[in-house]
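Before any comments, here is the structure.
Should a chain be cited, it is by its letter among A, B, C and D, assigned in written order, with residues numbered from 1 in that chain.
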Amino acid sequence: MRFDRMIADEVRIEPRDWMPEGYRRTLIRQIAQHAHSEIIGMQPEGNWITRAPSLRRKAILMAKVQDEAGHGLYLYSAAETLGVDREELLDLLHQGKQKYSSIFNYPTLTWADMGAIGWLVDGAAIMNQVPLCRCSYGPYGRAMVRICKEESFHQRQGFEILHTLSHGTPAQKAMAQDAVDRFWWPSLMMFGPPDSASTHSAQSTAWGIKRFGNDELRQRFVDMTVPQADVLGLRIPDPDLRWDEATGHYAFGAIDWDELDRIIRGDGPCNAQRMERRRTAHEEGAWVRDSADAYARKHAAAATTTSDAA
Amino acid sequence: ADPLVAYLVGLGDDALILAQRLGEWITRAPQIEEDIALGNIALDLLGQARVLLSHAGEVEGAGRDEDALAYLRDEREFRNVCLVEIPNGDFAVTMARQLVFSAYQYELWTALRNSTEPLLADLAAKAVKEVTYHRDHATQWVLRLGDGTDEGHRRMQAGLDRVWPYVAELFAADDVAAQLPGVAVDPPSLLAPWTAYVEDVVARATLTVPTPTWHSRGGRRGLHTEHLGHLLPEMQHLHRAHPGARW
Amino acid sequence: MRFDRMIADEVRIEPRDWMPEGYRRTLIRQIAQHAHSEIIGMQPEGNWITRAPSLRRKAILMAKVQDEAGHGLYLYSAAETLGVDREELLDLLHQGKQKYSSIFNYPTLTWADMGAIGWLVDGAAIMNQVPLCRCSYGPYGRAMVRICKEESFHQRQGFEILHTLSHGTPAQKAMAQDAVDRFWWPSLMMFGPPDSASTHSAQSTAWGIKRFGNDELRQRFVDMTVPQADVLGLRIPDPDLRWDEATGHYAFGAIDWDELDRIIRGDGPCNAQRMERRRTAHEEGAWVRDSADAYARKHAAAATTTSDAA
Amino acid sequence: ADPLVAYLVGLGDDALILAQRLGEWITRAPQIEEDIALGNIALDLLGQARVLLSHAGEVEGAGRDEDALAYLRDEREFRNVCLVEIPNGDFAVTMARQLVFSAYQYELWTALRNSTEPLLADLAAKAVKEVTYHRDHATQWVLRLGDGTDEGHRRMQAGLDRVWPYVAELFAADDVAAQLPGVAVDPPSLLAPWTAYVEDVVARATLTVPTPTWHSRGGRRGLHTEHLGHLLPEMQHLHRAHPGARW
C-alpha cells in the first residue's frame, strides 16, 4: 500500500495523498489541540501586556503574544488541509469538545511568570515540537519548522527575563524564584502521562507522527534545564533532584499526576476563566464577523454586476 | 520648558496611550486576525512612542529615559490628546477612534517628513509607512461595519458619535507647535486633508459625519478625561513598585 | 389670601396647604435640580473611592459619597410632597430635561480635587443652602437643615485634605495648588449669573424661596474663603484679587461667563460622561428593579391570600 | 511567621478586598438606595479591615500600620480568599457573592466572639451586628431576584453558578488557624451552619444550589486569581506614587 510505503520510506504525506481515516482523525485532533493551545496560551501572557515594567519588555511581550496568534493560524490552516475548517474547530473548542494544553490553566500572578513561561513552558513545548518538524504529514511538519524557530526565540527571551530578575533586586530575585517554583512541576506535566499510562502512543509512533516517548522527552527537558537553572542562580523546587552518574541523567522526584488529572477534568485555577474569555471574545465579535461577511457578499455581488455590465 | 521637549512628549504620549488601549484588545478581538492586526498597530505606535520619548529625554538633558517618562509621570504631566485615552468600547468605537487617529497621524507624519529636526524627519519617513497601513485597516473596517449588516451600521454610527467630540482637539492651534516653526506642524493645517479623507470614508460606509454638541480640550495642557487616571495605575504599577530596578 | 399672609408672616407652607401653581412649579424645579446635583455630584468624588491614598481617607470619602446619595433621597422626598414622584424626576434628568449643577461637569484629575471639592464646592453649596433652611416651603427647609449640617462637615474634611497636602511633600503641595487653580473659578460660578442677568430671582424672593442675590452670596463666599486660603498656604488663582478697604470686601477679577454658558449648553468636559454613567446605571438596573417589584407583588398577593384564608 | 499575624491579615484582607470591590459599585447601583446600602456594607468591611490590619501590624512589631499593609504589599503577599477578588459582574453576581460571604462571616464572627484574643472577641461582638445586616440584605435580594421575574431568576441562578466554585475555599482546613486553638476558628466547623442557612435561602428563592466542577484554592497561601493583579494597581497606585507621604 502506497501510504504505508511512504511512511516506511519517510516520504511526506501531502493533502492530496490517500491516508487512513484514523491517521486523518489523529492528526486533526492533535493539530487542533495544538492550535487551540496557541490561542488559549495567549491569555496568561496577554494578562501582563498592559502592565509590563518597561516599554521594551512591553513591545517584546506584545510581539510574542502576536506570534502565538500567528502560530494558531498556521496550525488551523494545516488542519484545514485535512478537510475541517477553522470555525468548526473553534466551535469544538468553545463547546469543550477539544482540549488545549493544561499548562495554560495556571494563572500568571507576577511579571516573573513571563520569564518562567518563556523559559520552562516554551522550553518544554520546543522539546515536544522539534520532533514534529519531521512529522509524516507535510503541512504539519512545515508549520512546526516555522513555529519552532519562533519558539526558541521566545524561550531565550524568557530566560533573559529571569536572568535580569535573578540578578536584580532581592524582591526581583524572589519573584523569579517564586515563578519557577510554581511553573516547574506543571512544565514537567506538559510531556503527558508516563509512557506506561499513555494511550495513542504506539499507533502515532507507527504513523510517524510521534517520534519519542513522553518520558524520554521529559528527561531530555530536565537534563537541558537543570544546568540553565544554575546559570540563572535559581533553585529547581525538587528536593529529590540529583545527578545520577550511572544513568548520565538527572533523577527527579515524583510528579503529582493527580493534579494534572484534576486540571484536565476542568478543576484547574483558570480553566473556566480561559474558556469564558475565549467564548466571550468570539460571541461579542459575532456581529463584526457577520457585518464583514455581509459587506463582502454585497461587494462581490456589486463586482459581478459591474463586470456583467462591462 | 523647552518647546521641543513638550512637542516630542505630546506626540509620544499620543502613541503610547493609544498603544496601551490597543494592547487591551489582545485576546479579546472579534477574530484572531484582529488580535494580530491590533497588536501590530499597537507595536508600531509603541515603537514611535519609544523614539519620541527617548529623544525628548535626551533633549531635556535631565537624565530621564523612555521609561522614566512613561512610568514615572503623573496624570497631569501627560500631554496626549484626550482621544487616545477614551475606553475601547466595542469594536466599532475602537475602529472609529482608529480612523480618526490614523488619518490624523497620516497627515501629521507626512508633513513631518520635512521637519528640520532630523530625528522627527527620520521617524516620519518610517511612520508614514506604518500609519498608511493603520489608516487602511481602519478604513476597511469602517466600510465593512457601516455598509454590512444593519447592526454593524448602527454600531459603527454609534462609534463615530462616541468619538467625534474628541476630533476638534487634534486640530486645535497649539502654543508649543507655534514656537517650533519648521520643526513642528501647525495642527490646524492638517484639518482640510484629514476632513477630505475621512468624510469620503464615512460617506462610502453609508454613515453620517457626526456634529457633536461638545468637544474635548486641554490634553496637551495636561487636562485629561477621568479615564486616564485609571489607565496609568495599571500601566505604571509594577515599574513604580520596584524603584530603580532594571527589567 | 391665606398663602400670601403665611409668606408675609414667615409661616411655613406645608404640603396640605393651598399654594399657587407657579410656586409649586418653581419649587419642584429647584428641589429636583438640587436632588439631581447630589446624585450626579456623587460621580466626581466616587471616581476616587477605589484610589484613595489611605484607608482612613477611603472610609471618609465613601461615607461622604453615601451622604450625597442620602441628600438626593431627602430632596426627592421633599419634591414628592409637591405631587411628583422620583421616577418621573429621574426620567426628566435622564432625558436632559432637568439640570444639575454645572460644577459636576469638571473632571476630578487628582486626589487633591477631593480636597478642593470639599473646601470650595461644598463651601459654595453651603453658602447657597444655608438661607434655604428658612425656605417658605416646610419640607424643603427641613431637608436643608439636615443637609447643611452634613455639608459643613464635608467642607471641613475637604479643608483638612488640602491642609494635609499643602503641608506635605512638594508634590503634594503642587497637587493641592493645581486643584484650587482648577476649581476656584467654577466655584464662583456656582452662585449663578450676576443678579443683573438672573431670571426667576424676583418672584422667588417674593415667595420666600430665595433670600439673597447671587452676587451677594458670591461676595460672602469670597470673603469667607480668601482668609482660609492663607491658612492653607495656597494661592487663589486671581491676579485681581485684593482687599478693598472702602467696601470692606475682597474685590475679585472678572468671571468667564462664556465658560459657564458653554457648560450649561452641554459642552463641558464631563457632561456627556456624567449623563451616560447615570443612564447606564439606571438602564442596567432595570431588570433588578423589575424583579424586586414582581417579587413584592407576588408576596403581597400571597399575604393577602393567606390573610383571606385566616 | 507568627500565625496570629497571618490569621489577622487573612481576615483583614478578605474584608479589605471585598470593600474595594463593593466601592466600585458606588454610582453604578440599580437604585440610589443600593448605592447607599453597598456603601454601608463596604464601610463596615473597611472598618473591620482597618482594625484587623492595624492589630496585625502591632503584633508583628515591624512598624507596619494598616496603610503599609494595605498599600505596600504585592499580590503574592495578600492572604484573602479568592472569592472576594472576583469581578462584580452584574448585580446578581454581586448579591450571590454577598450571600456567600456574609453568611460565612456571620458564622465566623459569631464563633470569634469567644476568641481568647481580646481584640478578636471585641471586634466580633461589633461585627456580628454588622454582618447580620449584610446577610439580611443579600438574602432579601437573592429572594427578590430569584423569585421575581424570569430574567431575575435566570440571572440570579447564573450569579450563584459564577460564585459557587469559590465557596469550598472558605471552609478549607487552614494551617494558620490550626496553630491558634482558642484564638482562631477552624474553618470547616463553619460549613454546616453556613450550608443550612444558605441552602434555605436558595430554596426559598426557587433557585438551585450549584454543584461546580472546579474549586478555587490557595488564596490564604497567596495564590490568587488573575483579577487581584488588576485590582491592586488601582487601589495602591496613588499611595505608592508618593513614598512616605502623609494623607
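One rule holds for everything that comes next: a residue touches a chain if its C-beta (ideal position, glycine included) is under 8 Å from a C-beta of that chain, and two chains touch if they have at least 3 such contacts.
As the structure is a computational prediction, the values presented were derived from the model and not from experiment.
**Q** Which chains, if any, touch subunit A and subunit D both?
**A** Touching subunit A and subunit D alike, sorted by label: B.
**Q** I want to compare two interfaces, B-C and A-B. Which one has more contacting C-beta pairs?
**A** Of B-C and A-B, more C-beta pairs in contact link A-B.
**Q** Whole-Å distance, subunit A centre to subunit C centre, using C-alpha means?
**A** About 57 Å, centre to centre.
**Q** Centroid from C-alpha atoms only, then distance subunit B to subunit C, rounded to Å. What do you get?
**A** Spacing between the chain centres: roughly 36 Å.
**Q** So, what's the distance in Å between the C-alpha centres of subunit B and subunit A?
**A** Subunit A and subunit B have C-alpha centres separated by 34 Å.
**Q** Nearest whole angstrom, what separates the Cα centre of subunit B from the Cα centre of subunit D?
**A** Centre separation, subunit B to subunit D: 40 Å.
**Q** Note the residues in subunit A that touch 2 or more other chains, in rising order.
**A** If we look for residues of subunit A contacting two or more partner chains, we find 51.
**Q** At least two other chains touched by the same residue of subunit D: list those residues.
**A** 74, 233-234, 237-238
**Q** Drawing the touching chains as a network, do you get a line, a ring, a star, a complete graph or other?
**A** other
**Q** Going by the touch definition at the top, which pairs of chains touch each other?
**A** A-B, A-D, B-C, B-D, C-D
**Q** How about subunit D: which of its residues touch subunit A in the complex?
**A** For this pair, the touching residues of subunit D are 74-76, 165, 213-218, 223-226, 229, 233.
**Q** Which of the residues in subunit D end up touching subunit C in this complex?
**A** Touch residues, subunit D against subunit C: 16, 20, 23-24, 26-36, 39-40, 42-43, 46-47, 49-50, 53, 66-67, 70-71, 90-92, 141, 143-145, 147-149, 151-153, 155, 234-235, 237-239, 242, 244-247.
**Q** Per the contact definition, I'd like the list of subunit C residues that touch subunit D in the complex.
**A** For this pair, the touching residues of subunit C are 39, 42-43, 46, 49-59, 62-63, 65-66, 69-70, 72-73, 111, 161, 164, 168-169, 171-172, 277, 280-282, 284-296, 298.
**Q** Please give the residue numbers of subunit C that touch subunit B in the complex, ascending.
**A** 47, 51, 107-110, 178, 265-273
**Q** Using the touch definition up top, name the residues of subunit D that touch subunit B in the complex.
**A** On the subunit D side, the touching residues are 74, 230, 232-234, 236-238, 240-241, 243.
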